[in-house]
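So, here's a batch of structures to check.
Look at the two complexes coming up: subunit A is in both, with subunit B in one and subunit C in the other.
Showing the complex of A and B:
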């Protein structure tokens, strides 16, 4: 029951990055983590997958133009 | 020729293609039965075209997006109502709807839901009708046969129509329980209910009785909060319920409801129930269908940019004074948009500093703007 919203067609895949993946992504994009788009810590998806403030989520969107698009969001305090 | 092979060639040529292009190449190479060498040549040519088509660095994509949405907007109808799908429901369309979306209104004028069902129930009309009556608002007035107010005895009798109850697939016991909970002074004799007002011996008694009559008629006996009328229709082979009003959270919890397709046009509700990323998708979907319905086509990329801006800080923000334009870092940029005096006054009280990094502030003071070729500077090489 609890994971139902993750299957909704409007909700893309969210995965939590590990520490090493986080550093790799930030280095590759050449930015600080504050420069990423944000996601609130009380967002229903964040609560569902159990992400903590300070985590970076990898979001794999289905895109009309690119087919698949990967982006990142920082979980806010 | 499979996709893996194409991916390896693309990697070898150092091209960074999105998934959709790679799939197209794979399909084309299969159709024409390309050899490896030919595929490499194809990837080379596509890489050239792809690099040429890419947006230049320093391009003012936001301005282009604003123009691209704004120009077709001038051709949209000012007419507010009409619905293409179900004739009985009114849904805001055209320019008023588009304004509603970009303003991120909390209360939209015509919220509506499309409720789909899981496969095993989708073709079961009886089940869908029962659910529709659980979702839609039904008041006591909808199921009565007779209604009498007796001013002599200061009481009122209501006769419930059993046919109407079974027609609406309701349960008699549930209705009685609801009535007993809402009204203390009620006598129940099978289908005949008699109500008495709490005050019966004063000059306000008649008014009290009339108020009670209205209250009894308006007692809600079935339905989900915030949802009014429902319309059942058939799309292809499956049944769909369209509603007036919306409550995504409650409807998704109901049994038999398709939890992946059921949706609402209220963006704030989508954000609350399904999260910010779903909110972004909802903005894109709503804006695009609104434009398309009017026969206008705007490239999704522009709408995607708008949606990205609106959801960048974790909650849906409006475009305009209370949202993005009102939160710009530069004082001059904010002052040039709306409420000039207020912004300049506040900035001077706080001692704000404008670092002149944006476009607007540089135009105001007459400097070259940081855009296109202006976004790069020249650095002298030191001579040793």
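Showing the complex of A and C:
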């Protein structure tokens, strides 16, 4: 039996950004997408949500300092 | 100092071929003598003028540049017989062991060769290390028969450090070289040699490079005698033996004599490279001191790497012992006059300051606010002497730079090692003082972690306007009162500042006006307009320091955590209320303005700025000191004295607990003890004993405490947080308690007992390190021994912890040093890669936060409540 890893409490919420959202985020941070933190395409979560190399994931996780924190990762080959 | 900026993309390490050595050489060296009778260097000797010049007055015969600009030129010595290079003896041995004596091929089968070639080439392509594969080849290629020509292979051993032995026959260096020459270029890679930069036979020297004289300068002693560098001595030895060997060989001397000389030449060349090679007696100077040859120049703590490249001595710095000065500001540092006349500040001469600079030069290099050097617009540096100062003043005009002495108000960098956080290097204002120690305000001891038991500190003088400006705005002591570590003050009152403030402000502390004015004058506090006559309370005096709009409530350090807090009516006076800058109730102690926990200080920095905070701290500490001086404050073991009655009670309590332990042990032996869940019977017993004895110590402490009053100076220090703890006091007065090693009672020592004074298997309190006595009464020999065991563990632990955390810190700093917070709050590294989209995920600067939080809501509400009450 395979558990749904996305439901595990230690796995934060990953969502794939649309093209327009991607541009908005990059513009807001004033960076090129290569400057973002990376995530490998063979990462279990990436495989599970079906993200492709070049996609940007929006990761929402719990934070000790801020309560909730949103960060972004670029999916690598 | 202008250089060309180039990025290093690759470094190749290789060997110098004999041809390379001859090509870079400017002359062949033959004569072992250095100078002739007239003191001139001999041609073709070790001091040949073509090897470079040191004297700035002379020109180099090889490159034509003046001494100082010429970095020197190599020469060479042709060795009469080849000699093994010590540094490569191991490699030579490994190579000879894995190659065939007859055909020179590597001892791998054809298929292995193809296999390893593939592996090596792919590693090289990816620029990965090939050492593991080479090591593997060295083991695989240890065959006793050559796979290529079937030649039997004898075992080759190395007789440290440099003898290569085949079977029982010691190979000569020539034979070793011949064998290495036999190896074919196609096999070089398998034995770890890069054919592009080296050949194996180059590891056996036929020609020796002679380093330029600049590398081994001779020194002239006061007596006029010349003393040569150790390397020169060694080269003289080599040349002398080399010459004798050559003569003997040419004269057809017996083989035995030639071999002896050859051996000697090998010895001299070996010690020339490394005079600490194992198995070789070190070459010594006439005085018996071992010579410092090439390897010794580089190796170890005093070697070129660790002492000259990784760490350098710098100019415009000073180091001396520190001592306290409660009269200077936290922003200041007392600099001894002797240092102030030695380290200088460069000042650009302008038409506005030229008169002042002339005055400095007039004062000369020996008197205090003088000057040591003048730099002309053509960058020539001229030393100021009393004889020349008039002439220098004549010529001085805008555009010159005067290196004047350090004087009051200059900004310097002050540092104490280990520099673990940014507060270990802070900018101070100079105050030139007599005597020979650096003086610092006691409030800056915590950030530097300094005390005055012989600590030394370093001072650096800024040399540019930019650095001074930057230091003044970013590094000044007052800018570091709040620590980024926990968002509270790290600079603050310590020791007597705390007990002094408590004695000044506690209930019933009243002062005559005369005393008040004296204290205020001493602390630089302006006299209040309204005179109060002779009825000043300490709280009123302290209130003069507080900003008028300050409102706050907090519980002081002396709070005994009563079950129900009586607030303003607290009988310990521990509930501090400040209304509109007036201290209404509560005594001032560590929680008010102590380092690490000062609430009032914290509030003043955050709400009124660092200037106000510095003023507050300077005045408050002085006020506390004058307060403590009005009364007098001392401590002795008399403070830990308790009445006979208390001693009897403690004795009774302890003996009761000890018999309770005996009961537990009996129950254990009679199998009547019930084990706790998840514990063995033995563990249960141990836990219960620990608990009983722990309680016994605590209760004995409580008994002692109940006889201590607030008129006891040791108790005042412990409760206000000035120094020491109640545990320290009760251990002195009542009972020291259980000693532990590895978190448990003491078990180690003899088999099944701690000491031969006890029965085998004895489990009682005394036998496992319970110290029944107090420090004041004194420990008996057994207790003393157990106490020493526990104490030693503590020392070892701290020693290990500092070493481990030091290494961890080093690695963390190396990994994080290039990260920076951008103006928009993102954290990036030096390539612009985003590390965090918001610093710390909440964007809070911990140094500016309320103990790590954005804001302390409870505190804000409390303040507002008082404010509104005062308003009405």
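Just so it is clear, the second predicted complex is superposed on the first by the 74 of 77 C-alpha atoms of A that agree within 3 Å, B and C clash if a C-alpha of one lies under 4 Å from a C-alpha of the other, contacts with A are read in each partner's own complex, and residues count from 1 in each chain.
Definition applied: contacts are C-beta pairs under 8 Å (C-beta built on N, C-alpha and C of every residue); 3 or more make two chains touch, one makes a residue touch a chain.
In this text the structure is predicted, and so the values were computed from the model without any measurement.
In the superposition on chain A, A:59 makes contact with subunit B only, while subunit C stays out of contact range. Look at A:4: by the touch rule set out above, it reaches subunit B but stays clear of subunit C. In the overlay built on the shared chain, the residue A:77 is in contact with neither subunit B nor subunit C. Residue contacts after overlaying the shared chain place A:12 against subunit B, while subunit C stays out of touching range. In the superposition on chain A, A:37 makes contact with both subunit B and subunit C.
In the superposed model, A:29 lies in contact with subunit C only, and not with subunit B. By the touch criterion stated above, A:69 is placed in contact with subunit B and with subunit C alike. Number of subunit A residues touched is higher for B, counting subunit B against subunit C.
Annotation: subunit A residues 37, 63-66, 69 touch subunit B in one complex and subunit C in the other.
Residues of subunit A touching subunit C in their complex: 29-31, 35-37, 63-66, 69-72.
Within the complex, the subunit C residues that touch subunit A are 824, 826, 828, 832-838, 840-844. Touching subunit B in their complex are the following residues of subunit A: 4-5, 7-12, 14, 37-40, 43-46, 59, 61, 63-69, 73, 76. By the touch rule above, subunit B contacts subunit A in their complex via residues 18-23, 252, 259-261, 263, 270, 272-278, 281-282, 285, 300-301, 304, 308, 311-315.
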